[in-house]
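Heads up, the thing below is written out as C-alpha cells.
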Amino acid sequence: MKKLINDPARVVDESVEGFGWAHADLVTVHRDPLYVVRADGPVQGKVGLVSGGGSGHEPLHAGFVGAGMLDAAVPGAMFTSPTPDAIAPATLAADGGRGVLHIVKNYTGDVLNFETAAELAEADDVEVRTVVVNDDVAVEDSLYTAGRRGVAGTLCVEKIAGAAADRGDDLAGVAAVAERVNANVRSMGVALAAGTVPHAGVPSFDLTESEIEIGIGIHGEPGRRRVPMASADEITEQLTGPVLQDLGLGEGEQVLLFVNGMGGTPLSELYVVYRRARQLVEAAGASVARSLVGSYVTSLEMQGASVTVLRLDEELTALWDAPVRTAALRW
Amino acid sequence: MKKLINDPARVVDESVEGFGWAHADLVTVHRDPLYVVRADGPVQGKVGLVSGGGSGHEPLHAGFVGAGMLDAAVPGAMFTSPTPDAIAPATLAADGGRGVLHIVKNYTGDVLNFETAAELAEADDVEVRTVVVNDDVAVEDSLYTAGRRGVAGTLCVEKIAGAAADRGDDLAGVAAVAERVNANVRSMGVALAAGTVPHAGVPSFDLTESEIEIGIGIHGEPGRRRVPMASADEITEQLTGPVLQDLGLGEGEQVLLFVNGMGGTPLSELYVVYRRARQLVEAAGASVARSLVGSYVTSLEMQGASVTVLRLDEELTALWDAPVRTAALRW
Amino acid sequence: MTLDVAWALRWVRRSAEVVAEHRIELIELDRQIGDGDHGENLHRGYTAVVARLDALDAPPAQVGDVLKLVATTLMSTVGGAAGPLYGTAYLRAAKVTGLDELDAGAVVAMLEAGLEGIVARGKATTGEKTMVDAWSPAVAAAVAAADQGAEPGAVLDAAAQAASSGAEATIPLVATKGRASYLGERSAGHADPGATSTALLLHAAADAATGTGPA
Amino acid sequence: MTLDVAWALRWVRRSAEVVAEHRIELIELDRQIGDGDHGENLHRGYTAVVARLDALDAPPAQVGDVLKLVATTLMSTVGGAAGPLYGTAYLRAAKVTGLDELDAGAVVAMLEAGLEGIVARGKATTGEKTMVDAWSPAVAAAVAAADQGAEPGAVLDAAAQAASSGAEATIPLVATKGRASYLGERSAGHADPGATSTALLLHAAADAATGTGPA
C-alpha cells in the first residue's frame, strides 16, 4: 500500500484539518468531536441540513457544506459511520431555530448512529427529521432486509434539499422534498479495481485483470456479481439498464444524468460512460435536462464509476439549478 | 489494463463527445478536426484564449473553456500534442477581433505544433501571441535545454489571463499578465504509481511497492529521481521545498497554494498534502491567501500529487477571484 | 463464588487484549463480506476504553459502573454498526448489574440484557448472520448452566463456548442483515465478523472469572 | 538507375508496414525515456498516409508530390514532437524533389533537405539524443556514397545503415532535447525512439529501391 498519508490512525483528522484551512471562507472545522459546519452558520430561520458517514468518500459530505447545501457534515473513520457524540453537537450547531434534517445513507451503522444522535439532539430541544437515502438498485430491496444502500444519489438529495431549505421551506417541507428526490433517484456502480483502506493496508477486495465487480457499494464491499471485463459501452449498459428499469422511466420524461467516478478513474473515461448512458436514456424516450460528471461520491481510489438518474420535474429542476457555494459543488 | 473505454483509438473522440453533450450550455465541440469552443463565443471585442495539448490531463484544457477562462481548447491524442490543422481553426473560432493568446505548455511537441498553427492563423489575419508555461521546478532549466515543463501552473495562467481578457485588456496586456503569472508560479510533483495510456496497455513506468518517483511530469514521463516511499509530510517537504526556493518566496508575501491530484489519488490524501504544504509556506514567512485542492491537471489515473505555489499581488488576486464559469472551475 | 468489580475490570482489559490480538483477523473477516473495518473499529474502541479506565481518579464501585463506561466509550469511538450495537448491549447490561457482586443469576440477566439491547437496535433474529447468532446461543447456554447450578465463571464459560459455536455456524449462512447482506448468496462461506468478536469478548469474560489478581 | 514516383509510393507503403511492425517496439522505447506514444503516433500518421494515397483519383506525378502528401498528412495526424519534425523533413524534401526521377545527387539533396528541416524546427545538434543523431550520419554516408559514384539505391542503403548505427549510438547518450531530457542522467542506457524510427524509415526507402513491383 502506497498512500499520501502519515499515519492510518490520523488520516481523517489531518485531512479534515487541511480541508478546513483550505476552505476557511466556507467552513469551520470543529475538532474532538470532529465535525464541519458552515463558517457563516447557523443560518437563523433556515432549516439545518446535516449529513455524514464514513470517510473515504470525499468530497462527500464535507465538500458539500456551504450555502445552498449542507449546514454540517460529520466525517467518521474511514468507511465507518461517525458516532452520536459527534453527530449530536453538529446537529445543534446546524440548527437555526427551525429544526434539522439528517440525511443518512442507508447502512446499518449510519442509521443506528444517526438515530441515537437524533434522540440526543431532541433532548436538547432541536427538532430532527431523518431521510434515509437508498438509491442503489444493485441491492434488491425485497430480498435483503437491510434494504438498498445509499450511494451517489445522496448528492442529489443534499443539493436539492439544501435549495428547499434555502428558499425557506419548513422542516416537514424540506424533508418531503428530500424524500421525493430519494424516491426518484436510482444508481448503480461498477468497480474495476478496489481501493485500499489505510488501516487495512490491502485492497478491499481482489479482482483479476479480466474481471470486474458489478453493483459495487462505496465502502469497498464487493458487489453483486463478478463478470468478465467488457467495453465501456457494455458496462454502461449493465449499469444504466437496471437504473432505468427500476425508475420506470417513461417516454417524454426529463432527467438529471449523473456519472460519478469512484476516485481512481480518469475524468476522460467518465465522459465515455456518460456518452453511452445518455444514449440509453434517450433511447428510453426520456431526455437529459441536467448533467453532472465527476468524482463526487468516491470510495478512496477505487477504479470504477456509477450511473445515477434522477427523474426531474419543474420544481426539482429549479431547486437543482439554485445557487450553491461549497468546496466541491458550486454554481 | 482495465479501463472504461471502448477502443483505445476512439477514447478521445468519444470522451470529448460526451463532454460536449454534458456541457452543451458551456461549450460546443467541433469534430474533425477536434476542438472545443465556448458555446457563446467568439466574444466580440475580447482577446481570445486558446490552449491545448495531449489528452489524458482532464479536466485540463476543455474543462476550462467558458466565461472567464478559455475560449477554445484543442485536445490531442493521449499524451500527444494536437496538430496545427486543429489548433489553427480553433484559433480562428476563438477570435473576437482583438487577437488570440496561445497558452502552451513547454513540451517540444506542443511548442512546435502551436508555432505552426500560429503561422497558419496569422495567414488568416488573426494576430496571435504565445505564452509558454514552464512552472515545473523538477526540471533544471540551465542543464537541460528543453527547459522546464509546463504542469499544474498552467491552470493559474489560464484562469488569470482569462480574467484579464474578460476585463478588456488588449492582446499585449493579456499576454503580459499571462507571462507574469508564469514568472511567479512553480510546481513539483510526485508519483506513487503510473497511469496507463490506453494504446500502450501497460503503465508508463514501473514502481515497486516501496519506491516513488519525485519530479514527475504529467505525461507519464518518469521523474528526476526514485526514492523510497515516505510519509505524506516528508514527500510534501520534498515537493514544496524546491518550489519555495525556486520562487525565492520572501517574508510577508501572499500566495495561492494549489495542491493538484494526478488522477488516481483520493481527495482526502490531497488535503493531507495541502495541510503540510501550508505549514511549510507559513514557516517560510509567507501567507496563503487563496487555495485550490483537487485533481485538475492529471495524468490519467496516475497516483500522486503536485504542489503549486503562485506569488500573488493585489492585481493577480483580483483576477483569480474574478468570476469563472467552466465545466471544471466555477465561481 | 461471585464476580466483583475487579472481575469486571479484568474482563475489560482482557477484552482490549484479545481485540488487539485478533484485530487483523477481524479486519480480514470483514474484508471478505463487509468493508474491512470491524477489527479496526473495535480496536479503536477498546483502546479508548482502557485509556478512560486508566484516567479514572477512583476505581468504579460496581460492576454496572464498569459496563457503563464501556458502553459510552464504545458508542462514542467505535462507530459503524458494531458501535451502537455493542454500546447498547453494554448499556443494557450495565442497567441490570448495579451490584457489587454478580451471582450466576445476575450473569444470566446481564447477558440477556445485552442480547435484548442488540436486538432492540439491530432488529435481527437468529440466522441472519450477525452477532445475534453468537449472543443468542450464548444466552441459552448461560441459562441452562445456571439452571444446573453452575458457578458464575462456569456460566460465562458455557456462554463463551456457545458463542464460539454460534460464530462458527454463521459460516454457511446467507446474510440478510448488515453490510454482508449486499453480497447475497456470496456472503455464504465466511464467518460473520461481529459474531466472531462476540465470542472473543465472552471468552474474555470467562477468562477474567478464573483470574485472581487485582484489575 | 534512378528512382521514380513508383519508388516513392513503394517507400511510403513500406514505411507504413515497418511502422506497424515496430509499433510496440517504438512505444516501449518511448516508454523508457519519454511518454510511450512514439510508435502509436507514427502508426496513426502512416495509416492516414496510406488511406489518403488509396483515396487519390490519379497517382501523383512526381516524387515531390508523394513526399508532400506524406508531409501534410504527418503534420495533421501525428502530433507530438515527431509530427512537426517529420512533417517538416518531408516538406523540405518534397521541395527539392519536384522531379520525375531521382539520381544519386537528388537522393542526397532530398536527405539533406530533410535533415535541415528537422534542425530548423527542433534546433537540436548531434549528440543530444534525438532523431538528428540518425539523420546526420545518414546524410554524411549518403554524401560519401554518392561521391564514390554509388547508384541511388546504394546511396539510400548507406544512409539507412548509417542511421541504424546512429540510432544505436544514442544508447549511452544523455538527452538534452525533447522529453527524454527531463530524465537527465537516467536517459542514458536507452536508444532514442525518434532516431530508431528514422533508421526504420530510411531502410524502407532503401528496400523500396530494390523492389520492382508496382506501387
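Lettered A, B, C and D in written order, each chain numbered from 1.
Please note the rule applied: contacts are C-beta pairs under 8 Å (C-beta built on N, C-alpha and C of every residue); 3 or more make two chains touch, one makes a residue touch a chain.
For clarity, every value in this text was computed on a predicted model and none was experimentally measured.
Asks: Just to be sure I understand: going only through chains that touch, what's the smallest number of steps from subunit C to subunit D?
Replies: 3
Asks: Measuring between Cα centroids, what's the chain most distant from subunit C?
Replies: D
Asks: Between subunit B and subunit D, tell me the centre distance in angstrom, where each centre is the average of that chain's C-alpha atoms.
Replies: Here subunit B and subunit D have centroids separated by 32 Å.
Asks: Go ahead and note the Å separation of the Cα centroids belonging to subunit A and subunit B.
Replies: 29
Asks: Averaging only over C-alpha atoms, locate the centres of subunit B and subunit C and give their separation in whole Å.
Replies: 54
Asks: Which parts of subunit A, given as residue numbers and ranges, touch two or more other chains?
Replies: In subunit A, nothing touches at least two other chains.
Asks: Residue numbers in subunit D touching 2 or more other chains?
Replies: none
Asks: For the protein chains shown, what form does their contact graph take: line, ring, star, complete or other?
Replies: line
Asks: Chain pairs in touch?
Replies: A-B, A-C, B-D
Asks: Can you tell me which positions in subunit D touch subunit B when the two form their complex?
Replies: These residues of subunit D touch subunit B: 27, 31, 33-37, 40-41, 44, 75-85, 121-122, 128, 176-179, 181-184, 186.
Asks: For the complex, give me every residue of subunit A touching subunit C.
Replies: Per the stated touch rule, the residues are 9, 33, 54, 76-86, 107-109, 112-113, 115-116, 138-139, 143-146, 149, 197, 199-200, 202, 204-205, 217, 219-224.
Asks: Would you mind writing out the residues of subunit B in touch with subunit A in their complex?
Replies: 1-7, 11-12, 14-19, 21-23, 55-56, 58-59, 63, 192-193, 195, 209, 212, 229, 231-233, 235, 257, 263-275, 278, 288, 291-293, 295, 298, 300-301, 303-305, 330-331
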